[in-house]
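Scrolling down, you'll hit the structures one after another.
The same chain A turns up in both complexes below, where it pairs with chain B and then with chain C.
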Partner chain A sequence: MVGAGPGAAPLENANPLIYRRSGERPVTAREEDDELPDAIDDREIFDLIRSINDPEHPLTLEELNVVEQVRVKVNDAESTVSVEFTPTIPHCSMATLIGLSIKVKLLRSLPDRFKLDVHITPGTHASEHAVNKQLADKERVAAALENSHLLEVVNQCLSARS
Partner chain B sequence: MPEALSLLCRVPAHPESRCWALAWSPSGALLASCGGDRTSPRCPQSPQCPQCPHVPVSPCPGVPMSPVSPQVVATLEGHENEVKSVAWAPSGTLLATCSRDKSVWVWEVDEEEEEFECVSVLSAHTQDVKHVVWHPSLQLLASASYDDTVRLYREDDDDWLCCATLEGHTSTVWAVAWDSSGHRLVSCSDDRTLRVWQRPCPLPVTPPGVPCPLPDPVSPCVPSCPRSLPDPCPLTGAVATACGDDAVRVFEEVTPASPTAPVTFGLAAHVARAHAQDVNGVAWHPREPGLLATCGDDGDIAFWRYQRPEGL
Partner chain C sequence: MAAAGDGAGAEALAASVRDFVSGQQDGRAAEVAAGVKDGTWTVLQLVEALGFCLENTDPQMRGRGIQLLSQVLLQCYSLLQEKEVLHLVLFYESRLQDHHLVIPSVLQGLRALSMCEVLSPGLAVSVLKAIFQEVHVQSLLQLDRHTVYSIITNFMSTREEELKGLGANFTFGFIQVMDGEKDPRNLLVAFQIVRDLIAKDYDLGPFVEELFEVTSCYFPVDFTPPPNDPHGIQREDLILSLRAVLASTPQFAEFLLPLLIEKLDSELQSAKLDSLQTLTACCAIYGQKELQEFLPSLWSSLRREVFQTASEKIETECLAALHALSACLSRSVLSSDSEDLLDSFLSSILQDCRHHLCEPDMKLVWPSAKLLQAAAGASLRTYHCITHSVLLLLLEQYTKHTQSSQRRTILEMLLGFLELQQKWGHVEEDESVLLSLQAPVCSVVFSALMDPSVQLQLVGIKALTVLGFLQGFLSSSDLELVVDHLVRLALHEEDSQSSEAAMEAAASLAPTYPKVFSGRMVPRLEEQLQSEREESYHNHHSLQQRCLQALAAVSTHTSIVRETVPVLLQYLQKVQKGTEARNTQDMVSVCQSLHRVALQCQQDADGCWYFHQTVVPCLLAMAVQAAMQESTHRLPGKALLEEEVLAAMIPVISAATTHLSPELAAQSVSHVVPLFLDGEVSFLPQNSFPCSFQPFGDGECLEAQRRLVALLMAFVCSLPRNVAIPQQEWLLRELLSLSCSCNCPFTATTAAKCFAGLVNKHPAGQQLDEILQLAMNRMEPSLVEGPRRTQALTLLLWVTKALVLRYHPLSSCLTDKLLGLLGDTELGPAVADGFSLLMAESPDVLHKGCHADVRIMFRQRFFTDNVPKLVQGFHGAGPDVKANYLKGLSHVLNHLPKPVLVSELPTLLSLLLEALSCSDRVVQLSTLSCLHPLLLEAPQVMSLHVDTLVTKFLDLTSSPTMAVRIAALRCAHALTSLPTTVLLPYKGRVIRALAKPLDDKKRLVRKEAVAARGEWFLLGSPGR
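Presenting the complex of A and B:
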């Protein structure tokens, strides 16, 4: 199912549109100053998730336009993060896995105080409601991560490409 | 309003993990908790709360403050996925379990032989079953599910059957709880509401095991939040909720303006940052009115004193 190479099952979306990666974040003088606290902002969250690997293609979620900075909303004061992701096709069977990967990346990276809301961009997936409900159920997320096979697949999505 | 609920003390019961649920022993002498930490080196320790010394805390489920640790007398097998909830019937002769495998199992308990026999597998729900709870006096079981419904079950001849489906919530029903009379049922949901369900008839006079038809009239919904857990106090009727927004809330029935006025519940207490992370469980002390224990993803157990605000 994952890492399908030549000879494996045909890809659901064999020829996806590829988007240009955004550049590195410019560092401001204020951010250079170690005395001043830096709030967590949209770009920081986007930088955490944009390099997540697609489960099917040798491309990142940013390159497939599954995640975009404009669909990341952070409120540092209220400790909330909302991420919308857009499956490349409306019947993508990987949507839950992609959402889970984004969620796990953020769970591992952000302070515990944050409330995470990872959901599908409205109107872009046939099973939008079912996928969103699964991703919002913390018992299901916890159970998924106790499944060693699934955890391995998620870790592959989150690992740096060599 | 915060003074309606004041913190007594906080115990780091599951450090570096989360605490999923709490339960008082019937006498109120012991509090059991269960957490995400499966290692149990902490089991023998029982932190004592300095301000409420009568409340010893056992950080691991099934390991109370007795000098002799209890032993496993039976292992109940059958569910295909993790078991979400377990409940003893008040009679002590029945046990119910539920699981992510969508089923509810009723077990008959032979205490002397320490045997547990499955008497029914109930597959009424179409999705994960999150919680089961028995009626306080009747052999009537309620379950809450990811399929947005609550179902009630009763014994029929030698089998069990689903005798009512309570529909109305628009997302996962996390948990259900009866009030002490068994007259009302409260459910809480991912749709951010609580619903109070009331039987149309007065307390049933039917024999145990035969509930009256459908506890349908739905009284009001009050705002709450995802993964909240309701628990009506057996002594005062106040409903406490554990909530995914880190808050603990208490709801109470508002004194009706006239005898014919519809039943309404109001927010009686709200502590916004009751825990550092999601609150997962609430449990009223069975003997001491207004003593509330809560637990959360921060691994802490907190004890609170609740007093109904005036003019509610």
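Presenting the complex of A and C:
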């Protein structure tokens, strides 16, 4: 769907394009079978992050096309997850915050065994390298979450929409 | 004597007055009033007795005296004489100039007098004048101000003519009274007075603007009721009350509209909403004249909001306001010299919105389309004006854009405009813009149907349905094309969504064009269904399935039903003769289609009877034939007699029977019952059978015939209650003995259900008692011991259900028997499961749809009667059978309506907590599902048990059963609605424990774990 975004004055990208939400993943008969194991797949990881709220729009990252299923890669056997996200505009100052929200959501939702890699889709942001470095640094992520203001914003992004 | 009595009375009165005035005894007022009411003394005597204090120099004393008089008057005003009223009024008026301490009591007295019916003409006006002149109302206390409003309200309701005599002075006086009012209670009354002033056409004179100012200063209402507010006035009450004032007269328009525009431009959401809603309300009474000056700024504000807002609510209200404005302008009667504002208004809308529809990036298309649609929906004129310009544009845009997603957006907008056309019903041919665009619209819609994108197809199908409903829009060749498209999509489109949508479109269009659908669609489906398979087996099969579904879907008109039913029955016969492995499934599909057809013809008496007459004998004949083949030739494996197929036939026969008129039902029952009791086969088609049909007879070889009791049940249990069943007692006895003696569980259960269904509808009386006694006599010995305990239990359960539903007195005796059997080691578990059968809606018999006698509160009643016994039984039971009681209990709780459950559960909470430790997974599951709503709705009660709950829920997250793990995680999630302070001590432990199910092997479990853990992380954390 294409429509108008919110227009309160100070937004950087006041009128973003809005994309369609993918529906709930349909439950298959296999998933309902008690015995058969279901591997963690790309769609499952995508489902974890697609409903994260954008810090400045009343929209989800999926609706803004910041995250896409094709940019999510998981290898269940080797316990690795890689997520690329695409800021709506190349100078988006929220990029780090969005990356942090994705990272925190995955940390909270995935088993310990996984090694997480959250980074910006190559070539889509002016300070791509700096943001990626921050997101990859465990200590800096931990320190960021000690900051109660930052934690508040991240939690808001992760709260279920009322 | 009288004098002495008077003397004693006077003394008593004087004493009471003294006690009240000097002694400060408030209770005396009631005594004095009672004296006036029963005639012991008069008001005059009271005034005389009060004399000393009314003339006292101490204002407190005077106040007290007047207070007593006013309190008495408030109770006795209806007893006063005209003369007395006159004197009292004059007295009170003069007291208005008195000390401020006295004024509240004076006003109370005047309020009492304002309710007198015998008030002489002129007095009302003089009281009001005095109040306006002497009292500075806004310096009084809230209660006293309220008294003034009450006096005014009283006079307005009884002395309207007199007050109008005051002219605009009355309005002015009132404006001064309410100017500066702050209390919400008083405001509600004051607003009502203003409304009456306007509605009853009082003279506002030159004070229109003042009256507006004195009320509009409260707009937009900003009021939050204090916590524990005893008066119960909500913000919304004030908003609505004020809106009724502001929108009550066009005279306010010149002042109100600028105010609304100003507030609409403010930052405050609530102010915007209130302004928009007020504007919409105003449009109901305004005309062109009032709006003229403000239209450009109104439009620009509305446009800005819709283009920019993030709030759906504001958008909706803006569109409603635009709709109202356009409707208002369309309605206005024009004088000959004024220009038509509607045209210029619409052209400014078009000018501002049209070009957004053509922007290549399509960013503002939706808001623009919504604005245009809101205006177009206001009247036929606006519709013509807007669609005339927009439709053509949209059609052009559709061809310009090539991407499916963009085309879909355009088509959706087009669809919005087409749907508006429906609102105006049938339109004169020469007027309709749409008719002139018939060809391009059709070609756009048809091209959408051919597009590979499913989303575009779906919108296309919706548009097709809308076009079909526009009378005279589609030509007959178009219609044929429509049907061809629908057939293609329904049968060959890979995506099931499109296929289903096409079938539904056919279903809704078929009643309008029955000839086209029966002539063009049905034959194609029939041909496809009869065709031998060419392609792969799988394709062929799914095509057949789609044909069956489409045949059922399109059967929404009697004439089509007459075409499709024979096709379906013929196909059923063909499948029955075949030998393919999929036979069972195919037959079930045919039955499902027949069921849908049956449901669709229920409302139409002719169609219903046709269906019944055609389908029921045919199904019976096929079944009887198959059963006889099996009993004579011992041919095993006739698919038609498999449980699955018979079970699928039950809803068909049932749906074909429930809506029959009693006469026709009686006609049918006189054939079917003799078929089963006497083997009377003559009414069946192709009724030359090799042997006789005796489903109730003895003998090994009759096993297959006995199974057909299922079809008898479907028919006989669905009959309306007032249809008499021939030879009912005999039939009941046969069913009873079949249910107790048959070795096949399917047949025995069906016979028991059939018996129960009939017993439920059987009129009360001796016959019923006898047959129930007979049933008890058969059941009881079998229940105690023997090879048929299970059958006896099944019968007991169904008969109990039949009686519980109708509140039959015997039902409690039967439930007690069941409760007793819970302690039985062999039958106990089955009895516990049986409680779910008792409480649940059964799909085929004993429900409202098949005319069973079902009392609405039976579940609650069963709960109150039996749960204490279940609890008692649980505490008294041995360890090996305790679980049975818990299971029974949880079945009862699970089927109880949620509100009842939440109010009753706290008493059972300790038992439920115990049940969480029970190892039976059914018990675990149903206990968890009982606790879930309780956690959400009674968090205070649950908080007391938080320790147990956390421990048990976390334990159950590692249950071997997936469903239990999911339910436990949901409960762990629901725990977060308990007060945060209660939960915080457990936060770390829960988060650690929930890490394990994050790696569960089942995806559905992981999903719940993620949700629960995420919520626990947010507990007590900033930004939750």
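The definition used in the following text is that the second predicted complex is superposed on the first by the 153 of 162 C-alpha atoms of A that agree within 3 Å, B and C clash if a C-alpha of one lies under 4 Å from a C-alpha of the other, contacts with A are read in each partner's own complex, and residues count from 1 in each chain.
In the analysis below, a residue touches a chain if its C-beta (ideal position, glycine included) is under 8 Å from a C-beta of that chain, and two chains touch if they have at least 3 such contacts.
For clarity, every value in this text was computed on a predicted model and none was experimentally measured.
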{"item": "First, second, both or neither for A:E44, with chain B first and chain C second", "value": "second"}
{"item": "Partner chain in contact with A:R113 - chain B first, chain C second, else both or neither", "value": "both"}
{"item": "Partner chain(s) touched by A:V154 [first = chain B, second = chain C, both, neither]", "value": "second"}
{"item": "Touching partner for A:D34 - first (chain B), second (chain C), both, neither", "value": "second"}
{"item": "Partner chain in contact with A:L64 - chain B first, chain C second, else both or neither", "value": "neither"}
{"item": "Chain B versus chain C as contact partner of A:K138, first or second or both or neither", "value": "first"}
{"item": "Chain B or chain C, by number of chain A residues touched", "value": "C"}
{"item": "Common interface residues of chain A - those touching chain B in one complex and chain C in the other", "value": "112-113"}
{"item": "Chain C residues within the chain A interface of the complex", "value": "307-310, 361-367, 406, 409, 961-962, 995, 998-999, 1001-1004, 1006-1007, 1010, 1013-1015, 1017-1018, 1021-1024"}
{"item": "Residue ranges of chain A touching chain C (in the complex, touch as defined)", "value": "1-8, 15, 17, 27, 31-32, 34, 37-38, 40, 44, 47-48, 57-58, 105, 108-113, 148-149, 151-156, 158-160"}
{"item": "Interfacial residue positions of chain A with respect to chain B in the complex", "value": "112-113, 115, 133, 136-140, 142-143"}
{"item": "Touch list for chain B against partner chain A, complex", "value": "36, 81-82, 84, 100, 128, 130, 146, 171-172, 190, 226-227, 244-245, 276-278, 297-298"}
